[in-house]
Every structure is written in structure tokens, then in C-alpha cells.
Amino acid sequence: MENKIIIVTGIPGVGKSRVINDAMNLTKNKYIIKTFGTEMFNIAKKESLVKTRDDMRKLNNETQKTIQVLAAKNISKASEISNIILDTHSTIETPNGYLPGLPIDILTHLIPKTIVIIESDEKDIIKRRQNDSNRKRDNDSIIAIKRHQELNRSFCAAYSMFTDAILTIITNKEDKSIETAKKLAKILD
Amino acid sequence: MENKIIIVTGIPGVGKSRVINDAMNLTKNKYIIKTFGTEMFNIAKKESLVKTRDDMRKLNNETQKTIQVLAAKNISKASEISNIILDTHSTIETPNGYLPGLPIDILTHLIPKTIVIIESDEKDIIKRRQNDSNRKRDNDSIIAIKRHQELNRSFCAAYSMFTDAILTIITNKEDKSIETAKKLAKILD
Amino acid sequence: MENKIIIVTGIPGVGKSRVINDAMNLTKNKYIIKTFGTEMFNIAKKESLVKTRDDMRKLNNETQKTIQVLAAKNISKASEISNIILDTHSTIETPNGYLPGLPIDILTHLIPKTIVIIESDEKDIIKRRQNDSNRKRDNDSIIAIKRHQELNRSFCAAYSMFTDAILTIITNKEDKSIETAKKLAKILD
């Protein structure tokens, strides 16, 4: 039996981390959670390119892309000894637009079995974001969130075409986080 | 003149088979209809891997993908001697999510001239599915059908980007099947 | 510092040309505007394949694709000496369906930093098209325009996946063209 890479995506405020943690306790299989951003930070820190998470944004484009590919390779390597849940973003919203989270250079190294999109109602996302004091809120209108979630489906369709991964959409309803985790656990089984 | 491969997709219940058959009688060109699932079954049967259509689902993932690529190669070969209508799915809805019907490994062998999506009103699809006794109905809500049709557009956009195929969307209206067939026939001409 | 290719797309009637011209005057960087269609025409004319713009449509499919790739290579070459704004279409609406404007053969030569989609309200698009006497109006219903703009987002998501380009969507509101140009200028800076 080969190990699986399951990519779990969702925009900030869908409640992704909690759902992933709950699903880990519900599935009968063993998984290691890898967070793409953390993997990248660890590489950059080890290479003495950054000290803090915030420094990551100051790296030039090319360095960032090199680190991104190294992170993908590390995760792929980790999948040789364990099933992996890869916690990441389909796209990252920046002031200049949507940055693809899984461009072709990354997907070439990371062939997932399944790509999961966790979605929520726009109003629930806004509520969760308002309760998250770490987050600056610049683009939290219902229209902007709806657009971001719709676009992510399109990006994930392209990722799925390229990797032959199954695309799964799970709706995380307010106060039903455990139901969502059960659905994710079924994918992990 | 080179032969054409026209891929015709549409979710169960859009009335695809009937439209294809009617269009075949209306176009001035000659086509052979290939159904991707049937091509795969014929290969698996010949290799003594299965006896019935139902056995196909029991094949492991890797075997299924090998057969899928062989089917694509056969269809590509068939297109050397005739125009082909390839009757298949943009995505297949499974309990674990949407499986891409035309991932990159398949499209590499099958360069279509046009990818057609036949769509219908969600209510019409539900009605047609209810009249189809062969089908188990597990996910036939208007919302689920709407989502599936929307997702298929995204997948087909990615397929079109990768193959440079024209993407055509045709709406099959209730009791207007012959109008739809005429539109498809125009694509086949 | 490397030069940038910024691809700017938008369906006929969104007011793209005016926005691009205004943005050119607002950005602090220097850009050359290349229009994909014009690049193709210049190549075909130089090779004595066509005399007028209208002749382009009469070229066979294979010749058109060869010219398309040559145009992409020229634009890529031009980007060695200047930043480029590439004015083109995500998809081209034809009587047979949507033709991808940036298929993989083109994107292989043209790696953009950013892909911009300029969108407008469907009603504003219809109004602008009605004032454009050069244009024949065959498919200008609100539904058709909405569908075209939605599809273009899906195509651009696939283009972005393949090139790692940032995807930016800018809405051009009626009588707010200069605001749109300011947003585009920010991308060009």
C-alpha cells in the first residue's frame, strides 16, 4: 500500500484547521499534517534567509519560488514514510491579485490522491474572521469572499486535471464543524 | 483533410445519448461514436481482468489508469481512419468527490478539435433521472446538479487550455432535443 | 531587474483599450503595448499570407496556430528589452464556441507575471457594444455575456496554474474608467 497525499484547501475563515484536527482523530488511518507555509518557513530559516515568519514576504519572487519547490520536494519525500495531509491554499489573496497556491512546478512534485476544498457560507466566514484578532481585514465583503471561493473551484479544477486527483468540496456549516470533520475523515479513510 | 475528434460531455440526465444519435443523422460528415467507458471495458475484458461492467469498479486504481490510457490510445488510433465522437464525462461524481474524466495523461493522447458540454436545466435533469430506472439516485438535489454543471465548465476550460480545443456549451431544453441535435450537428459539420 | 509581461484580457465592450492607455500614463514604469491580433497580422502580412485583417480568418487552422506561436515568440523576445502589456483575449467567442486565447503552446513561450481580467456589468457591455459601429452583434444577451465572463475566469485560472502568474480581476464601472486605470497602473508599477 502506497501512502496518500491529501491536499486540504480553504480560504481564511472557513474553519479549516479545526476540521483537519478533528478529522485526524476520526479517521482509521495515520496521517502527518504538513502546512505548506510552515514548510517553506522552515527551509528559509535553515538557510538563514529569514528570522521570522514576517520576513518571508520580503524575500524576492525568485527566492520564494525556489523555496516553494524545495518545500514540495520535502513533502513528497515525507509521503514515502507516511500519509500526508497538506494544509494549504488554492490561491492566496494579495493586494495585487490571486496567487496560485499549487502552480504546475509544485504539482509536478506533489501528486495528491485528493484535493479537498472546505467552503463556508460567506457570512460565517466574515464572522470567523472578525473573531480572529491576528488577521487584518481588508477585503471581507460578501461579494469578495464569494468571488474568492468561486475562483478557487476553478483553480482546483485545473489542479485536478493536471494531477488526476479527485476533487472534493465540503461545506463547513456554522456549528456543524464535527459533521464536516466526519466528511473529511471519510476521505482520509 | 485530417479526421476530427469531437468530445461530447454532459452529466447523467442531460439527454446526451439521444442528442448525439440525432446529430449523427443530421451532419453531412461521417463519424464513429466511441464511448470512453465501453472502450475501457472492452480492453479489460480482452485482458481477462473483468467479466461484467460492474467488475470495472473493483479494479485497483493503478490498473484503471493503465486501461484509461490504453483506451485513449485506441481512440486516437481509430481517429486515423475516421472522424470520432467521443462520448464521455468531464468529471465523474463519486462518493469521494469529482473524478476528472479527461486528466492530462488522457488528453496527451487525445487531442480533440472541440469539447462540447451539453447542459440542461436542473429540474429537467432530475425528471430525466427519475425516469431512468437503471440509475441509483443519491445526489439529485438542484444545488448538487447546479454545482456539478458549473464545475464541469471549469474542468473543460482547463482541458481546452491544455489541448487548444474549442469549448462549446449547448443547452438541451426540455422537448427541444432535436434543436440541440441541430446545434451539435453544426459542430460536427 | 527583469522585464515583466502583463497580460490584460477582457471581452469586447469592457472598455479595455481605454483603460490600458490611461494606465500607461499613470504607471511609473515604461511599457510597450502589444496586441496579440496585430502581432499575428503583421507576421502573416510579412509572409505574404494575407493582405487585410479580414484575410486572417481565411487562413487554415494549422497556419493560424503556427502564426500564433510565432507571435508569442516575438512578444517574448520583445520582453527582453522592455516591459510588455499584452492586450489579448482569454477566449474568443466564435460561432462554434469559445476558442482559448492562451493555450499551452502560447503560454510556454509567454510567461506572464500577472494575468489581468477587466470585467464590466453586462448591461454596460451591451451599451458599449451598441455604440461600436465596427462590431456585428450576434450574441449580446445578458445571459451570454455573463456566461462568457464567468468562463473566462475559469480559463484564466488554468492559465495562472500553468504559468504561476498572479490573477487579477478588475471591474470597470460605468463612468469610472479612470478608477479602473488607476487599479491597473498599480499592477504595472
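By letter and in written order, the chains are A, B and C; residue numbering begins at 1 in each of them.
The rule is short, and it goes like this: a contact is a pair of C-beta atoms (placed from the backbone, for glycine too) under 8 Å apart; a residue touches a chain by one contact, two chains touch by 3 or more.
Predicted model, so just to flag it, every value in this text is computed and none were measured.
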Copy pair chain B, chain C: interface residue numbering same or different (half cut): different
Copy-to-copy rotation for chain A and chain B - C-alpha atoms, rounded to a multiple of 5°: 120
Geometric centre distance via CA averages, chain C-chain B, whole Å: 31
Residues of chain B engaged with two or more neighbouring chains: 154, 157-158, 161-162
Residue ranges of chain A touching chain B (in the complex, touch as defined): 114, 116, 153-154, 157-158, 160-169, 186-187
Chain C-facing residues of chain A, complex: 65, 91, 94, 96-100, 102-105, 107, 147, 150-151, 154-155, 157-159, 161-162
